[in-house]
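Take this structure, written in structure tokens, and hold onto it; I'll ask about it next.
Just so it is clear, A, B, C, D and E label the chains in written order, and each chain counts residues from 1 on its own.
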Amino acid sequence: MNTVDEILDFAIEREQQAADFYSSLADRAQSAWMKEMLLSFSQEEMRHKGKLKSVKLGDRLLKADQHVQDLKVSDYLVDIEPTADISLQDALIVAMKREKAAYRLYSDMARTIDDPELKQMFLGLAQEEAKHKLYFEVQYDDQIMRDN
Amino acid sequence: MFEPTPQVDLSSGKYLKLWQGPQHPGITGNMALELTTMGDEIVDCKTHVGYLHRGFEKLMERRTFIQNFPIVCRIAVPEPTFNEYLYAAVVEELTGIESPERAEWIRTLNLELMRLASYLMWLGGIGAAFGQGTVYQWTVTHRDYILDLFEEMTGARVYHMYIVPGGVRGRLPEGFEERCNDVLNRVEKLLFDVEKVLFNNFVFKKRTKGLGVIAPEMVDQYGITGPNQRAAGFVRDLRRDAPYLVYDQLEFDVITATESDAYARSWVRYQEMHQGIRMLRQCLERTPREGPFQARMPNVLHWEVPAGETYVKAECTRGEYGYYMVTDGSEYVRRVHVRGPSYTHAIALMEKLAVGTNIADTAGLMVSLHTYPPEIER
Amino acid sequence: MSTATDLLERFGTNYRISEVNEQKADLTFFKVPKDQAVRLLRELRDDAGYTHLAFLTNIDYIERGIFTLNYMLHNYDTRHTLGMHVDLDRDNAEMESIHNMWAQAATYQRELREMYGIRFPGSPRLDDDFCLEGWDQIPPMRKEFDTAAFSLARFYSRDGRGTEDPREHMKQQLYPTHTDDAPEGGN
Amino acid sequence: MKDMDKSFKKDTETEFPLREEMRPHQVTAPDGQVIDIDPLQDYFCQEPPKVHAKSYFKIVEDFYNWARAHSLWILGFGTGCGAIEMRPLMTPRFDAYRYGIQWRPTPRQANLLVISGYLSVKTLKRAIRAYEQMPAPKYVVGLGSCTINGGMYWDSYNTINKFDEFLPVDLYITGCMPRPEVLMAGVLELKKKIKEGRADGANRYVENFEWYKANQKRVIKNWNMPDYNW
Amino acid sequence: MSLKDLISPFYVWQRAFEKPYTQKRPIEDRPGAPRYRGFHMNSEDCIGCGTCESICQNRAIDMVPVEGLEQRPGDSGLRPRFDYGRCCWCALCVDICTTRSLHLSNHYAWVTEDPDAFHFTAGTDPMPWNENSLGYRRDDDYHLLVHDRIEMEMLGPDESVRGFDEVMKGYTEEQAVLEADRCVECGICVATCPAHMSVPDYIRSVRKRDYETGLRLLYETNPFSSTCGRICTHRCETVCVMGYQGDPIAIRFLKRAIVDRVPAERYREILGDDVSDNGRTVGVIGAGPGGMSAAYYLRRLGYGVTVYEAQARAGGMLRYGVPSYRLPDDQLDKDIDYIRSLGVEVRFNTLVGRDVTFQSLLDTHDAVFLAVGLNQPSALRINGEEHPRVLSGLKVLDDVANGLDPGIGRKVAVIGGGNVAMDAARVSRRMGAEVTVLYRRRIEDMPADPDEIHESQAEGCTLVAQAIPVEIKPAASEAQVTIVWGEAEMVADDKGGRPRPVLQEDRMHEETYDCVIAAIGQGGQIDFIPSDYREQIEFKWNKFVPGDYQQTGLAKLFVGGDIANSRADAISAIEDGHHAARGIHRFLGGSADA
């Protein structure tokens, strides 16, 4: 990956994979409710993909320098193996962990690369994933840990 | 007791019907005298009241107990505070609420200040009725300084709405004592001036001595109370005979006279003003500065007073002022009757005393009886 | 201080005295039948020292169909006050006049005539206007007379008013669908 | 309205009889001559009121208005509570005389009627008579809340609510009760209005005479006086 | 006549040499006294409760909507409008003002030609005196209202931890009347109450000691009055106008005061037991407050109602989640038995999805109301969670409710800050354990009822705030467990939500307990709805999104209770049930507004 476009293509591809992951999970879900949830996760990923596409077309810029709060919720939660009868809590944990992994990936890449433009791009993508993670963390905090 | 008026044949041409009022010079408020005169002499007098009738007793029956508190003071315009106090007292008696000591002192202060203001108004009236306009100018101005004190203490000049069932509405303002003492000193100085100018005035003496003599036996027959009664030689004063508020802790003299004419009545009132100033000074000194001034009250919005009836009276400037209240345990009062001393003074007594006097003296006679029509009609 | 009890014992044999209520040390209320009232008043005035008629008034007990006159008498020597109640038939209220005993009674009787419609035969100027002039309604102090409705009908009220109940207003604004028009639950 | 119960009816021949001295009667003069008198006819002028015309020249009218504004003579007829706050105005402290204001005992000498508060029906009748007897141009000031919308006596069976239905009012002063200072401010405001030539209450009264009379007769049941008595 | 009498009057001349008394400028020289009762002012604190209107004996005050004023629960959006053709400046409105927003200025002059001009809305209309700082204010020591709540007798903490006796003893009749007397009957609370109960009316019936009327009023909107009189979250009290200067009215306990005075046997006599049958049936899933409330109102409307309940007894979370020292079983039975006595059939031990299919319910009934509640405890999902000494709060409460021993030991940690956590903690105290509550946020953020937090502290539970559990480890003994937790820092939420805790990895603690009770939240279990209906039903996270009448896109399905609202309390569930009954009646062609 040597150009900004290539990086973006890679990122877009990753978002697509995530969307596919959730929708295939949804296909297997038995209850109306979890199916709905997983599809909405999938749509969320598709929206991210759309956002990256517009970055690629130059309609939008990724900001690398903004501060995104890390609630560290996912840090101390266990890993979950996604199954067809997954619960909402577990689905959210999976989502948080996935976003966190993506964040780590882009951050590591940014560290290993020297080209300032590309570095900037990776950092921007990392920030973007951090935001997604925050979104899921907040939902976990609000929906699952209501009383804690 | 009741003497029928002599038959007056208007068509004889000897008599003239003359109406005085309702804008009557002898009175605060409106009231008409229907005089039948023969020459200058009055042979028959009928009173006509009702120009100020607002139906208070009816209005009070359809207002809650707290809603009655602002309206009662309107019953007697120049002396509203007595209504406030009596209404509060009658409700307190029926509910068993006791107003705190501090409130009792402030109430006494308020009532005596009102008495002084009311007497000053009256003093101006009697001066004006006998051609001494200067006295009127002096006393009404000084009354205004007392109204200033009221404004400062209660928030209004005339309708104070300060004595609320359960206590009073606020503490005395800062520095009130000094300002009140200052006004009292000025009023006292004025009173000595008035004595020289009015009571030592030979014109005044000539016209008032022997005018409207109330014979002692008439006092009970006509239900005469207050200074009018004391001027006839009776030593009766509710403040001493049935002490309310803190009057049992105050030093004052019951002023009496024996002549029982307009001059004697005026002189009794004049001296009572001095007694009033004496009491006010005691009040200012002894009113507690600390402590509650309102008893613990229920929620006044739906205040149900237990069923019962009572009569509470107080000595106002004109005599026995009383509130008779009947309650039936609901949020509304069953019946209130306000007993104003003017009721008998201005109607039965006036109709009797006016006969035989002349037209020029009716105004002075009426002022000397000190009557307020609003408390007759309510 | 049982002036009142003494007194009632003294008169109790000759008069049917009932409903004695010692409201406070110097105030007692009692009831006496209509036919004995004036005789008792005279005796109280002449023999018992109750020389001062503070006032005469009436209480309307519409639900019981009676008027209760209250004669408030005061004794200056014992400083005791007596409230004498006399029940009258509300629909045909008539009472013996006492204008010959106290001069101001005539005025009170005029007022009661005008305000409640009670007749006191023989009382002077009884039917003259007292407070009211040109009154064409039932006597205003009777409980069935609605002064607010009358005032609205005759004197009108200025336009430009209108109020909302906070509770109803909030209901309309915040949860309009939550209504139970058909009776259900409870009753 | 409810029919009047028979038992409440006062023992009089008609519902609202004329006072004895107002009925037609005969009087014997000192010289023995017998004179027939019908007071309602004889004591009052029956002429209907007329519009008080403005002067043809504006400068003259302005001069008149200036003069009128500086001699407001108040009829000393306190109708309600507010009368008690008019008294201090006559004393040195407020000294209304310096503004050309003074109190007169008779309507014939006054051109300003201050309705100082509530008006019972009985007083309303007298106030109307007093007003009609005042010479035009004349002014009316409503003092206190009661004159505006009934004030605290809004539900009383004996006090009117809207004073402007009965007499033309030039100015309202709210308060219960208003301080003397407000009455003073009101009078100064009235002066301004007079000077501008807008205080035409007397003419409004004449122009809407029928309406005012109808309102007056609606509440005053025993009218027994001529329609216009000046 | 003496010579003195002749000369003395000439003394009058002496005063001619005095300084004049005249005010130079009579209008400007004398402003109103500092306490003068002049014209009205109203501050922004006004909430439009209308108490000023009710005390005004002149009917001089109208409550009118003000343009641009945002209406919200606790503020009626109305403001007092004064008619100065009526006002008498008694200032009772100032004295009674519940928020102390109303004042009088010392301005007193208003002269105009137009008699219709004397109206204004204080505080919002631009009046010349709005900036006045002087004028009448109510004195601090003068009250026309009773600001202090009548204290209810309750078991002391020493006594209460010894057993499961009800802690709050209820008002005596005298106390209840005194407390009810404090109410100003403004009705602001009605909008905030999820069930919109007619609070002022039933408080009035307490004051009048007319409990039959009171009970009828309660049942108009709430068939769980005995229950709600004890454990309601009393949102109404948070907006009670009496709370602005003192304590809010104890609305919840006054409700209880009514039901406490009506024996269960008289319910049918007072409320009536005449229910017709309109031949249509409704199935209700879940016999909790939502389901039973719907069942009650539907039965009243003539529907045949069958309730499907997974457990052996009715009441749902009220039965299994609320310990008996807060809500004794017999009180819950009082409510439920009356509903059942009207002919509501409850099928116990019938779990939808296991014993009967969702589809069959849809087929057999004319409508289905679903109120299964949130009964699945959220897992901690931290390492070591599967340790046998980690219990769920709901399970503990459930065991206690069923008379089983949850086996908690002597030293207990409770994780969470909601009502379930508090209940678990207090139950543990009653079983003799030493209790520590670990909560991720601050104590003021706790979703539990403040009374419960307060009482649990009084009973000796230790509350540790800002503590995030990170790991569970086996302890030396098998009967024990070690929990690792870290301190948290609170960070503000950008979007205005409650502050969120962030773990501080450098400040970790380790502690060993006999057991750890997790009560961090609950989720719903609605897997029995086949995925085919996904298109018709709208979800948001783990909840339904119902329509105006609790309906869903699936024609026959109505939903309510914790699973369908964000408040997740009993009273909201009760209202959902009631409202769904209205909706079902409406959708099945009943009266449009019923």
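Everything below uses one rule, namely that a residue touches a chain if its C-beta (ideal position, glycine included) is under 8 Å from a C-beta of that chain, and two chains touch if they have at least 3 such contacts.
Only a predicted model underlies this, so the values are computations on that prediction, with no experimental measurement involved.
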item: Intersection of contact partners for chain C and chain D; value: B, E
item: Common touching chains of chain B and chain A; value: E
item: Per Cα centroids, the chain farthest from chain B; value: A
item: Longest centre-to-centre distance from chain D, chain (CA-based); value: A
item: Pair joined by more contacting C-beta pairs (B-D or A-E); value: A-E
item: Centroid distance [mean C-alpha coordinates] between chain E and chain B, Å; value: 55
item: Chain centre separation in whole Å, for chain E relative to chain D (CA means); value: 60
item: Chain C and chain E: spacing of chain centres that average the CA atoms, whole Å; value: 48
item: Where chain A and chain D are represented by their mean Cα positions, the distance between them in whole Å; value: 87
item: Numbers and ranges of chain C residues touching at least 2 other chains; value: 131-133, 140, 145, 147-148, 158
item: Residues of chain B touching at least two other chains; value: 50, 53, 55, 58-59, 62, 70-71, 141, 159
item: Of all residues in chain D, the ones touching two or more other chains; value: 92-93, 122, 148-150, 152, 154-159, 162, 176, 179
item: Chains that touch, pairwise; value: A-E, B-C, B-D, B-E, C-D, C-E, D-E
item: Residues on chain B engaged by chain E in the complex (per definition of touch); value: 63-64, 66-71, 134, 138, 141, 148, 151-156, 159, 161, 167, 169-171, 173, 193, 196-198, 200-203, 205-206, 292-294, 296-302
item: Chain A residues within the chain E interface of the complex; value: 29-37, 39, 69-72, 75-78, 80, 85, 87-90, 93, 138-139, 141-148
item: Contact set on chain B toward chain D in their complex; value: 10-13, 17, 22-23, 25, 28-30, 50-55, 58-59, 62, 70-71, 74, 77-78, 121, 136-137, 140-141, 143-144, 147, 157-159, 374
item: List of chain C residues in touch with chain B within their complex; value: 21, 23-24, 26-27, 29, 51-55, 57-60, 70, 72, 76, 79, 81, 83, 99-104, 106-108, 124-125, 129-133, 140-141, 143, 145, 147-148
item: Chain C-facing residues of chain B, complex; value: 1-2, 4, 46, 48-50, 53, 55, 57-59, 61-62, 93, 220-223, 225, 234, 236, 241-242, 308-311, 313, 320, 322, 324, 326, 334-335, 337, 339, 343-344, 347-349, 352, 377
